[in-house]
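As structure tokens, here come the structures.
Both complexes shown next keep subunit A, but they swap its partner, so subunit B is in the first and subunit C is in the second.
Moving on, here comes the complex of A and B:
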């Protein structure tokens, strides 16, 4: 089904929760992301139970400091890397 | 406040704007803006606010200028290395515009000094670097009732939003609390494109000027996200969160506190602690 993630139309499997969507989008540090679903903030505790539906609008908002210690971090092969560097789509 | 002939000439490009005029310029000259962090974001904000004739500019920063700052912290020159950032930035502001009174707070903002400093100003610009400091500024502005402009930068992206406490969504509405320390990465792959600090810091200065003038629409209930690689601005509209732990109906944060500083987990090498 189609949803919009950060203003980009995206095809995802049906029935995904926010947690599953974060995993599917390879966001391995969900602690660094705030999520808004159809204009409303999703509480972090509700990530595993909130499901995304057809034509929903999802915003991933990242912590940003001053150029260090924040942003789109994930672990790849045991190393910290920043998302966005290798074809990351969010 | 009567403008002198020199001031009318200096501010003529403001004064000919019907939305500003002599009255608006007088408001700017009577305005008091606090800039927390005289680094990447705070530098362009301070220089533009000084040029604009904001009468009182406060600079709060406990750091000294380091060589690695100069790639983006444009209020500081090579000859300023080792000087207090507030002194270096104040000198540039005064050189641009002697109308401006620059007040120095040569210390890091902490829970015990924030409110006393913030209450002296009309509007706050958050030019801090760390998550702990950003949450402290957000909380202090809430408790002091001061509107403020947030910005953050990382790599090729920036974000900004303006908060009017009690009236608009706040930083904690979006970002509830600092990420847990175990979520914090090493520093080695961070970094920031220097000009990003200029773009986002200047947006903060524009918000401060608009607030003093009382014109336009502030960047409230919106997170502006800038991508320098795509050269796009995107905005995420958000609502005030009724369950916000700071500004919600039954807040859990009822007094100012320091968030635990989030340490880098650099395995080796030099780790910058103050990157703004």
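Moving on, here comes the complex of A and C:
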């Protein structure tokens, strides 16, 4: 079936979830990707259960951030947060 | 990496500088769009961390900016952020988190009492390569 991924028309198998689509497109570090499906952000917990349908529009964007403190970034409630609060100075 | 450069229009540079100064002492961040290697459009995005030491963009704002770029026929060229009190160099964390391939990572530094400094970098396999930045002269500026 046809969908649009990052503004490019793409043919994919039917029934793929967001997780499967990220894997199928060989997206590196999928845990650092935000996904928008038909204009709405998909929460990470819903990646394995949200299916992509015919003519859907999917957008992938990587986390964009940085700074002087290292740590593990996690997405929650539509924004990224540094796990554990302060992180480690690098 | 030496063959690549990044050009900023005078307007883009001024907007970036103003956004960095307004946000100081917190870090400011955003995106740059244009064509080829010339950034003609500046986006100031929210630093969701509201921190002087790190920044993260809101995914909703990233997607909205990308959509606007496409409608304007522009391409996402780079990501910029400010270093209010440190040099225009990429920190280890900046490099580690440079996930998006082919973007130019621009840092504007307000550190010190002199003129602001700007640095632009490409990141490949967790190594940052500095590339030249050209800030274009202001149009119609009297000589």
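FYI, the second predicted complex is superposed on the first by the 63 of 90 C-alpha atoms of A that agree within 3 Å, B and C clash if a C-alpha of one lies under 4 Å from a C-alpha of the other, contacts with A are read in each partner's own complex, and residues count from 1 in each chain.
Rule of thumb we're sticking to: a residue touches a chain if its C-beta (ideal position, glycine included) is under 8 Å from a C-beta of that chain, and two chains touch if they have at least 3 such contacts.
In this text the structure is predicted, and so the values were computed from the model without any measurement.
S.K.: Identify the partner contact of A:43: answer first if only subunit B is touched, second if only subunit C is, both if each is, neither if none is.
M.R.: It touches subunit B, and subunit C stays clear.
S.K.: Just checking: does A:32 make contact with subunit B only, subunit C only, both, or neither of them? Give me first, second, both or neither.
M.R.: It touches subunit B and subunit C both.
S.K.: Please identify the positions on subunit A that touch both subunit B and subunit C, taking each partner from its own complex.
M.R.: 7, 29, 32, 34, 36, 41, 59, 61-70, 73, 80-82
S.K.: Looking at the complex, which residues from subunit B come into contact with subunit A?
M.R.: 37, 39-41, 72, 127-131, 134, 152-155, 157-159, 173-176, 178-180, 183-192, 197, 223, 225, 234, 236-239, 241, 243, 262, 264, 272, 274-276
S.K.: Once bound in the complex, which stretches of subunit A touch subunit C?
M.R.: Those residues of subunit A that touch subunit C are 7, 28-29, 32, 34, 36, 41, 59, 61-70, 73, 75, 78-82, 87, 90.
S.K.: Once bound in the complex, which stretches of subunit C touch subunit A?
M.R.: Residue positions touching the partner: 27, 29, 31, 48-49, 51, 53-60, 62-63, 66, 70, 79, 81, 86, 90-94, 96-100.
S.K.: Would you mind writing out the residues of subunit A in touch with subunit B in their complex?
M.R.: For this pair, the touching residues of subunit A are 6-7, 29, 31-32, 34, 36, 39-41, 43-44, 59, 61-73, 80-82, 84.
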